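What follows is chain A paired twice: with chain B in the first complex and chain C in the second.
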Partner chain A sequence: MSLITTLARMEAVREGRAQPLTTVRHRHLSPRPLAFVPLTTAGEAGAPLGALVGTDRDAPRLLIVAQPRDRDLRFAFLAELAEEIQPYLDSYADEVDLEERKETDPETGKKVPVQVELCADAPQLLVPSTAGVAFVRLLGRSMRFRRTAEQDPETPFPAPARVPLLGRWLTHYGERSRVPGSCLLLSLTELLSRHWATGQSNLEDQHLGSLLAWIDPPEGAPGAEAALRAESERDGDGLLRCPPAGPSTDPAFDNKLLAPAMSRYDAARTEASQGVAGGAARLRLAETELRGLIASQLRPTWDALWHGVDLLRSLPEGARVADRWKRDRWSYTGHRDRVRAGEPPQPKLDDAVTAAQKLAARETAQAQLDAHEALDDPLVMAGRRLAGEAFAGEVTDVEMAWSDAKVPRPRPLVTIRTEDRPHLAERVKLHRVTADGRAQSGEFAGLADLDGADGADEADGDHGADVVEGPGDTDGLGDTDALSHAHGPGRALVVRLTGGMGRGKEPEPGTVPEKGDLVCWTLFEHAPRGGPELPDVESTPWTHGGPPDAAAPAQGPQPDPMTEEDHL
Partner chain B sequence: MDARALAALAANPGCRRRALLDGAGVDKGALAQALGAPANFGQSQFAHQRGNSFEARVKADGGADLVRLLHERLRDGSEPSGPGAVATPDLTASGPQGRTARTALALREATEAGRWALLDHPMVSLDVAGSSAFLEPDAVVVHPDGSWTVIEIKSFPMVDGSADPAKVGAAARQSAVYTLALERVASMIGEPDEDGGGTTDPAGAAETAGKAARGPVRARVRHQVLLVCPKDFSNLPTAELVDVRKQLAVTRRQLDRLTRIEEIAAALPEGTTFDLRLTDDGRIPTRPVGELTAAVDAVDAAYAPECLSTCELAAHCRIRSRAAGRVEALGRGVRGELGGLTTVDAVLTAAMNGPADGAPTGDPAVDALRRAAALRAEALAARPEAVACR
Partner chain C sequence: MIGADPAAAAAHPGRARADEPFDPSAAAARATAAILHDTLHGADRGVVVDSPPGAGKSTLVVRAARELAAAGRPLMVVAQTNAQVDDLVDRLATADPDLPVGRLHSSDPHPYDPVLDGHESVRTSAKIADLAGLDIVVSTAAKWAHIKHVEPWRHAIVDEAYQMRSDALLAVAGLFERALFVGDPGQLDPFSVVGADQWAGLSYDPSASAVTTLLAHNPRLPQHRLPVSWRLPASAAPLVSHAFYPYTPFRSGTGHRERQLSFGVASDGSGPDRVLDEAAASGWGLLELPARRTPRTDPEAVAAVAQVVRRLLDRGAVAVSERSDEPQPVAADRIAVGTAHRDQAAAVRAALAGLGVSGVTVDTANRLQGREFDVTVVLHPLSGRPDATAFHLETGRLCVLASRHRQACVVVCRAGVAELLDEHPSTEPVQLGVTVKFPDGWEANHAVLAHLSEHRVSWQP
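And now, the complex of A and B:
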C-alpha cells in the first residue's frame, strides 16, 4: 500500500466514511451487465448450491440445487444456468464493426490490410467478490470437459446440451479476468476498493457488505460501526443479518437451517419415489422451503452488488477506459471465433509457450494500465509524483535551441518549477501529453537556479557552452540532503524537448509549452510496449519443451473420470 | 491447543495475550463471547461430513492406498509394498499422556520392524511456552528404512494438480508443527550411531535395518509431508509431497521466541482470572464483563488484521486496537513508511499541521506524509465536479 493510500485510509478513519482514491472510474461498466451471485456447498468443489443471475436488478432468476450431492440435480442447475447466461453471451456476437488489421499474405509473404470483425460491444459479468471470480473459473473447469449425449453417445452421464459450451465461456472469462485492467469479468469488491479507501484493512475490504458500509454508510452511523454490523451482526437465531457475499455460506446458516431443510427434502423425496400418499406435495413444499432459504442468503448480496454498481456509475468514466474496453471486445470476438470454428475446449494446463505468452501479455497490460490510470486521473498521478515517477509544475522559462545535426531539429529547453522530487538522472527520458492530447517526449537536461533572471542566464550559459554539461548539475539529484538545503520546497528542472513538435525546423504552434503553462512530465512511458517477440512455435527452445512434435497425434483433452457416487 | 492454533500462534509470536490464553488453556471462543465480540468462526456440517467421509475413504483397506500414493510420489525406485504389507498398530490408550506414550512405543516398534506401517491418528506432544500441547496428526507412515512421513488429509480439491495456495500453505504450516513434535519423539527413540550422521543412502538404510535386532535404530522424520486431497471434482484421492523445511524452520524459531508463559503470568496483577464459569442458574457469568475485559487488557496483544482469520479473540482485539487508534489496525505493512508514528491521530496531525513554509522537519516520514497530504489535497481540489461519494 503506497503512502498516499495509507493516508487516505486514515482520513477515512477520521471522517467515518470512505475517501476517494480516484477522481474518475477506471473500469468499464456495461450499460447492461449480467450479475451472477453464486453460492456453493461447504466442503465441495464445484458443487453449486444456488445462484441469482440476470441483467434486470429487479427480477433476478433464482436457481437452486435442492440436494447438491445429487448429480442429476446439479446438471439440471447447470443447464438452467446455461439457459440464462448463454443467450446473454450470444446476444453480443452478431453486431459487429469492421476493423482493418495487417496480416501476412500466405502467397506473397507481404503484410496486407484485411477487414476483420470486431464485436461492437461485449457482454460483461459481475460477481460480488474475488472468491466469486475464482468460482466462475472453477465452474468453467468443471463444465467444459463434460460430454453431451450428442457429442458422445457412449458417455455414461451425459451433460445437458449447453453445459460444456458455457464451461468454455466461463473459462475464457475467468482467464481474461487475470489480465490487469480487463473488464469482461469483474468483482465488486475489487472495483469498489480500487476507487475508495476505507478505514479498514485490505483483508476486511474483501467483505462486500462492510466495504459498502464504509463507502455509503447508513444515515447517522459512522462507517466503522456500520461495517462491523454488516460483518457480524446476528439476529435472535444466531444468523448473520448480512449474509456473506459467497460463494461460501455462513456455517450457522448451514447447520441451523439448511441441513434440516435438506433432510426434510430427502425424506419427502424418498416418500414420493415410494409412492406414499401426499409425498409429492411434501416434496414440493420442501423444495419451496429450500428455495426460500437460499434466496434469503442470496438476495442481500444481489442488492449490495447493484448498490455498488450505482456508486460506481456516479463516477465519470476515465478517458482511456474505452481504449482498454476495446481490447476486451477483441478478446470476446476472438473467443467467439474459436467457438464458431469448432476448436476444442481450452486445455487443462497451458503449454509452456502459451503460458509465456500470457505472462508477457499480462505484464504489458499492467504497465499500460498503470500509465493510463495516472494520465486519466490527477489523484492517481499524485501517487506517482509522490513516488518520484512524475513531476508537475509551472513553466517559468522557455528557450529555443536546435540540435547540432546537419538539418537542425528544434530542441527547446523548458524550465519547470516544481515541488516534486522525481528520481531523475542525466538524460532520463520524459513523457507528457500536450493540451491537444498528443504525446511529447523530452529528456532531463539539468537543474536551473530558482532566482528568476539569474536562472535563465545560467540555463542560457549551460546550453550555449555545451549541451552535455548537464551531468555536473545532476550529480546530486535524488539525494534529498543535497537538494533541500537552501531553496526551500521548490526547484527548477530543465527539460529538453525531443519530439512531438512536427517535422519542420520550427516547432509547430502549440507544441512547445509557454511560460506560465502547467505541465506534467512522467518518467514512465505512456504506451508501453511488451518485451521482444517470442520465437515462432517451430523454434521453441528446449527450455519450453522444444518444437511441437508433428508426428504425435493431436490429443484432445480427456473428460474427467466419473465415479459412481461422484461427489461424496 | 491443536496444531492449527499452534501454527497461528507461531505466525504472531509477539502476541503475549494469545500465548498466555493458549498456554493456560482458556477457551478463547467463550471468552470472546463473554466479552461481547464473538468470532465469526464455525464449521458447516456439510464440510465436516465431507472431510470425515473423504478421510475414511483414504484410510480404507488398512492404509494400503495411502502407502501406494506415498510410494508413487517418492519416485525413489524402491519396491512397492505388496498386499497386506502395511502394519497398522493399535494406538488406543486412555488419556492424552497414555496415547502419546502408546504412539511413541508403536513408532519405535514399527521403525525397528523395517516395514511399512500406518499410524492412524497418533498423538504426539510438544512443549509450547512452558506447557505441553497434545497434537493429533491425521496419520504418520513409517517407511521400511525407518524414516517417518506426516500425512495430512484435506478435503479441498486438487484441480489439475494444483490447489488453493492459501489452503496448501495453511496445511503446510500445520504439518510442520506435527513434524516438529515427531522430531522430538525420533530423537528420544533413536540415538544416532557414532559412525555417520543421517546417512540416507540405501546401503546405510539397509545396514540400519540389519542392526534393528541388535541395537537402537536411527529414526528420522522426513521433511516432506504428504498432502492428500480429492482429485479434481471426484472423491478419488490424489497426493503431492509438500516440502515443509521452511515452515519447520519458521515454526521452530517462533516457538523458541515465545515468551515463556510464566514470565507473562508473573507480570499480571495479583488475582487476575479468566474464569468463565456461570453461576448456578446457568445464565449469568460469575465474572462481570468489566472485570474480564480488564483481565484481558492486562496482557498486551499484537493485533493485525491477519488475526481475524486465525484467532477467536481477534474481534475484541480489533475493537481495542481501533479505539487506541493504532495504525496496525489498517494492516501490518502500514507501519513501514510511518517511522515513529504509531497512531492514526499522530499521522494525521503530522500530515496536516505542517509549518507554513513547508520547511523540512528532519523526520523523513513526516516530510513524506506532508507531501502526500499536499498532493492529495491538490488533486482532489482540481476535480471538475467534486463527486459526492454517497
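And now, the complex of A and C:
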C-alpha cells in the first residue's frame, strides 16, 4: 500500500467516511452494462444456487436452481443463463468500425496495411465482488468443453444449445479480467476500492455492503458503525440484514430457511412424480417459495451493485480511459472472430509460449495503467510524487545547450524548483507530457544552486547552468550523494531535455518549457514497450519441454484414471 | 527431513572429517574441474552450477568462457543486467587481453560502461552482425531476446540463472544448442508485478526462475555446486550456510585468524561503538533499539544506521585479510548499507549526508545482489513493522543482506522481531505441483535472529 493510500485511510478513520483516492474515474463504465449477481450452494463446489442477471436495474431476471444437487436442474439454469447473457454479448458483434492495421504479408513478408473490423463498443459484465469474477471463470471452465447434441450426436449427456458457447465467452471474459486496467468484466468491490479509501482493511473492503457503508454512509452514521451494521447486523430471526454479496451464502440463511424449503421442494417433487393428488401444485408452491427466498438474498446485492455504479458514474471519466477501452474492444472483436472462425474452445492449460505472452502483455498493461492513471489524475500523480517516482515544480531557469555530435542536437538544461524528493541519480531518464499532449524525454543532470544556498560546488562552466555533477557512476546503482547536499524544503533540479523537440538544430517552438512554467516529470515511462517476440509454439525450445507433441489430442491430456480413492 | 539432520551438518561441516584438514582450494578446484569437464566434454545439453555467495561464480564463468573459446567453440553469454554484462566483459578482457569479445548493447544513450573502450580486443555494437565471428559475445537476456534470424550458437553461458525468469529463458533459448547455467539459488527469486498464480505448478510457469523450468523439463542434467565461499569470513559462512542453504552446506575459504577487523580509536561506550566492537570481535553485531512500531523510514533506526557508519569511519577501521600482507583501511567505498525498500535507502543516504559521510554504497537488497564489501550495515527488513508480509519474509532478501561482507555485518533492528515472526507464520497458499522451497523465509529469519541475539547490543538512542 502506498503512503498516500495509508494517509487516505487514516483520514477516512478520522472523518468517519471514505476518502477519494482519485479525482476521475479510471475505468470505463458501459452505458448499458450487464449485471450478474450469482449465489452458490454451500458445500458443493461450483454448484450455482441462483442469480440475478440483466441490463435493467429495475427488472433483473431471477434464475434459480431449486435443487442444486440435481444436475439436470443445473443445466437448465445454465441454459437460462445463456439465454439471458448470450444475446447481450452478441448484440455488440455487428456494429463495427473499420481500422487500419499493419499485417505481415505471407508472400512478400512485408508489412502491409489491411482494413480490419473493430466492434464499435463491447459488452461489459459487472459482478459484485472478486469472488464473483472467480465464479465467472469457474462457470466458463465448467461449460466450455460441454458438447451439444448438435455438435456431437453421440454425446451421452448433451448440453443445452448455447451453453458451451457461453462457457467460451465467460472464459474469455474471466481471462481478460486478469489484464490490469481491462474493463470487460469488473467487480464492484475492486472498482470502488480503486476510487475510495475506507477506514477498514483491504480484506474488509471485499464486502460490498460495508465498502458502500464507508463511501456513502446512511445519514449521520459514521462509516465504521455503518460498515459494522452492514457486515453483521441480524434481524429478530437471526438473519443478516445485508446478505453477503456472494457467491457464498450466509450459513444462518442456509440452515434456517433454505434447507427446510429445499426439503419441502424435494418432498413435493417426489409426490408429483408419483402422481400423488395435489403434488404438482405443492411443487409449484415450493418452487415459488424458493424463488422468493433466493431473491431475498440476491436483491440487496443487486441494488448495492447499482448503487456503486451510480457513485462511480458521478466521477468524470479519465482522459486515457477510452484508449484502454479500445483494447478491450479489440479483445472482444478478436474473440468474436475466433468463435466465428469455428476455432475450438480455449485449452484447459496455456502452453509455455502462451503463458509467457500473457504474462508479458499483462506486465506491459500494468505499467501502462499506472502511467495513465497518474497522467490522468493529479491526485494519483501526487501519490507517485510522494513515493519519489515523480516531481513537479516551477521552471526557474532555461539554458540552451547542444550535444557534441557532428550534427549538434538541442539539449537544453531546465532548472525546476520543487519540494518533492524524487529518487534520482545521475542520468536517470525522465518523462513528461507537454502542454499540447506530446511526450518529452529528459535526463537528470544534477542539482542547481538555490538562490542564496551554500555548500554546493560552483559549476565548472561546461554546462552553462549551475550544475553540480554527481559521482560519475553509470551503472544505475549510483547513489544520490549529489542530492544530499540540499536539505531545505525546496530544491532546484536540473533536467537535460533529450527528446520531443522536433528534428531540427533548434527546438520547435513550444517544446522547451519557459521560465515560470509548471512542469511535472516522472521517472516512469508513459508508453512502456512490450516484451520481445517469443518463439512460435511449434518451436518451443528444449529448456521448456520442446515443441508440443503433435500426436497429443488438441483437447489436452486425458482425464486422470479412476482410482480406489475416487470411490471413497 | 531425510537422513541425517542437514542443519547440524551444515553448522559444523568440518567435523565429519576432522582428522583430514579441509583444504578449501583443493575442494573448489575439484568442483571447478568437474564443471568444466561436463561443460566441455559432457553429453548433456545443459549443466547447472549452484553457487553460494562469493564462491567464485564470476571466476568460473570467465574460466569456462575462455576454455570454450580456446577449444574453438564460439559462445554467447547471457547475463541479467547491463552492470553484470559490463563487469563480465571487463573481467574477460582483463584475464585475456587478446581474446576477441563482443559486447552487444542496447541503442540507448550510454549503453555500456566506458571502461570497456579501454580494452583493445573488445568490440561493442548494438547490432549482432557487427559482432559476427567473435569468440565470445556477451549481452543481457533482454537484448538477446530481440536477436532473430541468426545461426544458433553451439554454446552459451547463462549467468545469474536463478535471477532470470523462465519467460526470459524461453525468449533466448532458441539461440543456443547447449548451455552452462550458473547462479545462486539463495538470492532473491525473480518476481512479477502482476499475479501469475494461474500458472503456478506448471513446469513452464513463466514467473518461475529459469533453472526451475529447465530442471523440470530436463531432470537428468548434471548439477554441480561450488563448495567454498571466498567472500564470507569464517564467522559468517556457517550461519549463512545453515540458515539459507541447509541442504547444500558450504564452507568459508578462509580460517578464523585470516580476517580481522580492528579500530585505531577506542570505543566511547556508545551503542554504535559497542556494536562495532562486537562485530569486529565476532563478525556479527546486532544493534537493538527499543521495540516500537514505526513507519518504514523509522527516523531513529535510520539515524542509528548512519551513526554506525560514521563511527566506523571515524574510528579508523583497518582490515586484515588474505588479500594483502598489510592491514588495509576500511574506506567508505568498502562499506555498504543494505535496506529492504528504496525509500529506506533514500532516508539513509540523507542521514549519512547529514553526518558528512559520502562514498558509502546505500541500496536495496535487489541492487546489492552480486556485490561485495568489507563491512555491511543492514537495516533489518522486519524492524518496527506491525506485520511480516511475504515480501519482508522472503528468504533471498535476508540472504543477500547477510552475505555481502568480507569482514563483519552489523544489523540494526527494533526489538520484538522474534515475537512478530511468531505472530505471522507464512500464510502463502500451497500450490499443487510447486516444489516447496527450503528453508522458508520464516525459518531463515528465526535462524539468523537466534544467531544475532548472541551479539546483541541494546541501545536507547
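The rule we apply is simple: the second predicted complex is superposed on the first by the 511 of 568 C-alpha atoms of A that agree within 3 Å, B and C clash if a C-alpha of one lies under 4 Å from a C-alpha of the other, contacts with A are read in each partner's own complex, and residues count from 1 in each chain.
By our rule, contacts are C-beta pairs under 8 Å (C-beta built on N, C-alpha and C of every residue); 3 or more make two chains touch, one makes a residue touch a chain.
These figures come from a predicted structure and were not determined experimentally.
Look at A:S201: by the touch rule set out above, it reaches chain B but stays clear of chain C. Judged by the touch definition given at the top, the superposed model places A:T543 against chain C, while chain B stays out of reach.
When both complexes are overlaid on chain A, the residue A:P532 reaches chain C alone and has no touch with chain B. Contacts of A:H423 after superposition on the shared chain: chain C is touched, whereas chain B is not.
Residue contacts after overlaying the shared chain place A:T41 against chain B, while chain C stays out of touching range. When the shared chain is aligned, chain B and chain C each come close enough to touch A:L349. Of the two partner chains, chain B is the only one that A:I215 touches; chain C does not reach it.
Between chain B and chain C, it is B that contacts the larger number of residues in chain A. In the superposition on chain A, the residues of chain A contacted by chain B and by chain C overlap at 349, 421, 480, 484. Only residues 178, 180, 349-353, 355-356, 358-360, 362-363, 365-367, 387-388, 421, 423, 427, 474-477, 479-481, 483-485, 487, 498, 531-535, 539-546 of chain A touch chain C when the two sit together in their complex.
Residues 45-46, 81-83, 86, 109-110, 113-114, 142, 145-146, 148, 166-167, 169-171, 173-174, 192-196, 198-199, 202-207, 210, 213-214, 217-218, 342-343, 346, 349-350, 352-354, 358-363, 367 of chain C are the ones that touch chain A when the two sit in their complex. By the touch criterion stated above, chain A contacts chain B in their complex at residues 1, 3-4, 6-11, 13-14, 17-20, 23, 41-46, 138, 141-142, 196, 199-204, 215-216, 224, 231-232, 240, 249-252, 254-255, 259, 311, 314-316, 348-349, 378-379, 381-383, 385-386, 419, 421, 480, 484, 488-489, 560-563, 565-568.
On the side of chain B, the complex with chain A involves touching residues 38, 40-51, 53, 155-157, 159-161, 230, 232-236, 305-306, 308-309, 315, 322, 325, 327, 329-331, 333-334, 337-338, 344, 347-348, 351, 357-360, 364, 368-369, 371-376, 378-380, 382-384, 387-390.
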